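We just call them A, B, C, D, E and F in the order they show up, numbering each chain from 1.
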Amino acid sequence: MRKDKRSLNSLRSITVVPDFVKHPEGSVLIQVGDTKVICNASIEDRVPPFMRGKGKGWITAEYAMLPRATDQRNIRESSKGKVSGRTMEIQRLIGRALRSVVDLDRIGERTVWIDCDVIQADGGTRTASITGAFIAMVLAFGKLLESKRIEKMPVTDFLAATSVGVLPDGNETLDLNYEEDSKALVDMNIVMTGSGEFVEIQGTGEEATFTHNQLLKMLTLANEGINEIMDIQKDILGELGQRVGETVPYNQ
Amino acid sequence: MRKDKRSLNSLRSITVVPDFVKHPEGSVLIQVGDTKVICNASIEDRVPPFMRGKGKGWITAEYAMLPRATDQRNIRESSKGKVSGRTMEIQRLIGRALRSVVDLDRIGERTVWIDCDVIQADGGTRTASITGAFIAMVLAFGKLLESKRIEKMPVTDFLAATSVGVLPDGNETLDLNYEEDSKALVDMNIVMTGSGEFVEIQGTGEEATFTHNQLLKMLTLANEGINEIMDIQKDILGELGQRVGETVPYNQ
Amino acid sequence: MRKDKRSLNSLRSITVVPDFVKHPEGSVLIQVGDTKVICNASIEDRVPPFMRGKGKGWITAEYAMLPRATDQRNIRESSKGKVSGRTMEIQRLIGRALRSVVDLDRIGERTVWIDCDVIQADGGTRTASITGAFIAMVLAFGKLLESKRIEKMPVTDFLAATSVGVLPDGNETLDLNYEEDSKALVDMNIVMTGSGEFVEIQGTGEEATFTHNQLLKMLTLANEGINEIMDIQKDILGELGQRVGETVPYNQ
Amino acid sequence: MRKDKRSLNSLRSITVVPDFVKHPEGSVLIQVGDTKVICNASIEDRVPPFMRGKGKGWITAEYAMLPRATDQRNIRESSKGKVSGRTMEIQRLIGRALRSVVDLDRIGERTVWIDCDVIQADGGTRTASITGAFIAMVLAFGKLLESKRIEKMPVTDFLAATSVGVLPDGNETLDLNYEEDSKALVDMNIVMTGSGEFVEIQGTGEEATFTHNQLLKMLTLANEGINEIMDIQKDILGELGQRVGETVPYNQ
Amino acid sequence: MRKDKRSLNSLRSITVVPDFVKHPEGSVLIQVGDTKVICNASIEDRVPPFMRGKGKGWITAEYAMLPRATDQRNIRESSKGKVSGRTMEIQRLIGRALRSVVDLDRIGERTVWIDCDVIQADGGTRTASITGAFIAMVLAFGKLLESKRIEKMPVTDFLAATSVGVLPDGNETLDLNYEEDSKALVDMNIVMTGSGEFVEIQGTGEEATFTHNQLLKMLTLANEGINEIMDIQKDILGELGQRVGETVPYNQ
Amino acid sequence: MRKDKRSLNSLRSITVVPDFVKHPEGSVLIQVGDTKVICNASIEDRVPPFMRGKGKGWITAEYAMLPRATDQRNIRESSKGKVSGRTMEIQRLIGRALRSVVDLDRIGERTVWIDCDVIQADGGTRTASITGAFIAMVLAFGKLLESKRIEKMPVTDFLAATSVGVLPDGNETLDLNYEEDSKALVDMNIVMTGSGEFVEIQGTGEEATFTHNQLLKMLTLANEGINEIMDIQKDILGELGQRVGETVPYNQ
């Protein structure tokens, strides 16, 4: 049993508040244990220069933490005048993951801006961001459908993420909180689709390594956890969620 | 009567959620109408270089908006690599205002970092930030009192802020929302203490001017509004609020 | 009586050298006591992107100090790679103030760039900048009138600024020099028009507060001082000054 | 068969020129197919601030490409004034990977700076960088051993990297060149140790996904390729390579 | 004869206003034709990190132009957030030139900051800056001598600069103004000492070249011009100027 | 005799490897003694904004050093976020020098990007860069000639550079290596054409000066050295080199 009484294969409790902020086309507050992230999806009616004139859309993500989302206050990245390598890695991951389940040809020359702002951090902020951002994005596409600006839901499958790791006791463990994560020998973030395929696997042994067998156990844990998370996503999205997959990208 | 049914001298409804984020020494979510700001106060056990060795503390503030706090998405200041002039003006104002009611000699060589992060904006974000930051700061000092790191509440008086303006119909009006503010001929932000004195008056006629008489009417409106706001602050702070003013700065 | 033998309601001596730099459309060196500012107004035949296609003009200001304008040398902002919050506040103030007395519809799609460069500082640099920049701007519009690029003087009223404050002895005092300013309990910058209306009131009690009565006394002092300053402006501008106000903005 | 006549499980030819640059403690030019990277390892006799006083060392990496290492010229990152997200991701990966096979306690308060500069790019620059940087680092530790500044080789195991992917024809394929990589549905970079454990797995399906079975096939290909690469590393390092593993980190 | 009626070997008229700004230890306004530069010399009682503990001083220079010093307004370098290559080249030149005639061992661990701010430009701003900065620096050392902080004038020789060039008519010409400079085939800046030796020669043929013979003619013109300029420097410096050369650097 | 056994008027040995990198239109590795520079020339089919619509081309250069090109590791300029003054000076010099021997009217609206990347430094990196960049540029124009995108070789003359200096023993000396350069009293970089004319002379006495006679001796040494260097350039360029000078710029 873990400090917070969970078993090794248990997720932390997840709650999602839809329409948390009023202005964005899609907005949720996602809470995974003590990690809280505001995920906003904004639709802009143009694409970045490198995408212009192709008749298709783009999805890009930004990620940030409030300075005191963590135990010690961090210097604000706007004050430092630059974005850290960690932030860049995370926002590239979020954007890439979401693009893997959207048929960009079906959204027209529009950009979906995903903003994941962590207001309280307790481990797993990047995976919570992906899980929440997926919901916010589907809500935003819902607005486009409602106003007939697009005809079909361009999202081809569900998408969610979680972390797994190997703790110092050698156990493969699901959904690490901050205390567990900071001690883990191996840390792995996994993004999967509703059909059980992988979108991203990022496994890292900082000052440690891991075996093929450990890898397989972690993948199994992650798969089970992600299935549970998707049930929550479906619950929140309701009828709109049932439209996910109504198109299959015609560019494949 | 105004669009949102308020009279000219009515505030929007205000709610304050204390302890909104778990890590900071003081934290509130303040909501003024549709404007929502997370105000966190962090205590750091050292002061910036220019204050070292003086045996006294410092208070500094940072302000930011989530990119989609507004109707149109704004570019993130960390991505632009620099903080806008508007942001700088506001964070300097917040810090200056809070310092005016704190006896810095009584907090030791500590810095109070105030972070005001606007998650939803509908006018009056800087005055809501000051009002909320005051509460967060008092809560943070409460932690120092509790753990006996300081002996007396170093806050010498209550502090709150609101906006007033002259609308195109010529009426002096209290607590402008975004729509009113964007049309106002004159915009004035006022910060006052519990004893009814001014800390800051910033009145601006962008492409317009205002008379002495209009100024006096706006000051009266603001004074009444700020008194109401302070009742809410006192309500939230309870016993801790009663310790405000237990010291008078001995450096005056 | 004050250190420099002035009474509480006396301005420092003011001199203005028109056409100080040869290239700009309008240029003055303004000297207020020992504060010296070069104010240049440049006309550019286009407007910034957010103003394009509206058939009207824009006025924007930049402010800087030579590194050794002050008693201690300051690091050059170009070397630091960023503009300080103080500089931003001041240049926003100057631009806003000037725009309040210009009918932007009458200047066509042109930008007036105001550059205020302080070559020697002794308090009141921002108010001296506004007073001098007004003259430089009118001179620049004179060039446009002369060459028939505009038909009427687009300036609707005179504009000048000064500072007032409360000194540690409790006296409300006009036009503070640096030594007075650095000790003042309250510091207030006031910008007014020729018709006696306010454009900006910025009153700040850094680590202090001020009463309604003190405010009224400061406003009176400022009003009298600004009237004197405008006599000097009129003297310098001569016939060109008499054209100020020949139009009333038709967008009001 | 692939365009360059390789079979699906063949590496490109690899050559390593040791001591390519004369100043660094360790230096190699590594060539993997048409990808050429200069890997320099520099020993500095101090550690970054966050590591001071712990009696142990640090390893950090930087990565860059010459502007014309690629088919189209890229803007130099020093001219842009910031490092791209891609560069940051890669240099964080290189540093993390190398640290996983070094006993930092055995190198004293020293920093090993790894500089990987790509002079010609044809896919797989990050994995070639890791493979080459490992050799450069061991050479640099050789200098410390020679001059008796350390007593034992602090490197605990061999380390090398390669890429695998799924091409549009559905085949799992080893060591992608640029043309293959730009078309691949799935791209995976794998870093392994001499004992066959994983250090990093980074698998990405940009606008695509991959199955558990595909993952297993890719891991097998990578494992075989990395074994071949390590034979080349051992060949280059000769006797020095035989000292790898003579210590086991005593902090584990 | 030239447009401004000068002969080919004539300087423009030069005037120098000493003590132009009140705060700096040394300050002049130098005017060479229509080029006007404020040269301030500030003494700081410490040296930059790379010079600490050597018992000797340092001299460094910064150069800037007011945005409207030129015919077209330039963007302010502080707004651009970086200093141009041209500015860097010039400020490195000024600092290097001044250091060549100062015995840094005799000024103690002090830094002399030279600030050359061009308020009006008409060609030759870098050479006017050197000529004026030399005077400002000697004045600043005068303050150190007066207050007995140093014993002897640390300046070993006079120093001045001018430009020469080849105009499109093929004539070697002294002291080019902006119009001449912008058409010149060859542009050469020369810095010399009172004893007739060279400190810097920077000759450039932008889209042109020059012969050995042209070089010799230009050097002769420059030498004669610099002698005239030094007479003006001596005149301004009076008795203080007679102390130049009273020490010979003991590190040579 | 010098430490490396050269006489005062001897160059270090020079080798040039053409086509060193495969992607650029022109590429060489030039080695001058222990100084090694990769010089790449890239052709881009457009010109910078300030050159558009003139029907002519542009040549621009960038220069950098690998962090460990030198004895001590330097911080990477991309990490510092800005380019040093030294780098700017050098890249401006390289671009200016190359433009002096190219008829920009004959290359159409194209930009030639020259990238000089020093991989090992031992003095004279800027002059080696110019010498090598000239060859890379001619090779790149060779590609344009081959593909009939231009008709005639637009290079009007050969161009090479070397350094000369005065060593502490008072001797004028050719082609200084790093050790000599760091002790030299005078350092001079000279760029000349095949017809024996000067393009750039940059002579600097850092904390020293030099006489007219010393200047003449240095110019003679440089002239002889540059003649030898051009023989090597001609040897490498073969037939392509014989086309240099087949046009004379028609804008002169």
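Keep this in mind: a residue touches a chain if its C-beta (ideal position, glycine included) is under 8 Å from a C-beta of that chain, and two chains touch if they have at least 3 such contacts.
The structure displayed is predicted, hence computed values, not measured ones.
S.K.: Under the document's definition of touching, what chains do subunit B and subunit D have as common neighbours?
M.R.: Under the touch definition, subunit B and subunit D have A as mutual neighbours.
S.K.: Which chains make contact with subunit D and with subunit F at once?
M.R.: none
S.K.: At the subunit B/subunit C interface, shared numbers over all numbers used: above half (same) or below half (different)?
M.R.: same
S.K.: By mean C-alpha coordinates, which chain is most distant from subunit C?
M.R.: D
S.K.: Centroid of subunit D to centroid of subunit E, CA atoms only: how many Å?
M.R.: 51
S.K.: What whole-Å value do you get for the distance between subunit A and subunit E if each is reduced to the mean of its CA atoms?
M.R.: Each chain reduced to its C-alpha mean, subunit A and subunit E end up 60 Å apart.
S.K.: I'd like the Å distance between the centres of subunit E and subunit F, where a centre is the mean of that chain's Cα atoms.
M.R.: Their C-alpha centroids are separated by 29 Å.
S.K.: At least two partner chains per residue is the criterion; list those residues in subunit E.
M.R.: 81-82
S.K.: Starting from subunit D and stepping next to subunit F, in what order do the chains sit around the ring?
M.R.: Result for the ring walk from subunit D toward subunit F: D, F, E, C, B, A.
S.K.: State the interface residues of subunit F toward subunit D in the complex, per the touch definition above.
M.R.: Touch list, subunit F to subunit D: 21-24, 27, 34, 38, 40, 42, 44, 62, 64, 66-71, 73, 76-83, 87, 113, 115, 117, 119-120.
S.K.: Please give the residue numbers of subunit D that touch subunit A in the complex, ascending.
M.R.: That would be residues 82, 84-86, 88-89, 91-92, 96, 99-100, 104, 188, 193, 195-212, 215, 219, 252 of subunit D.
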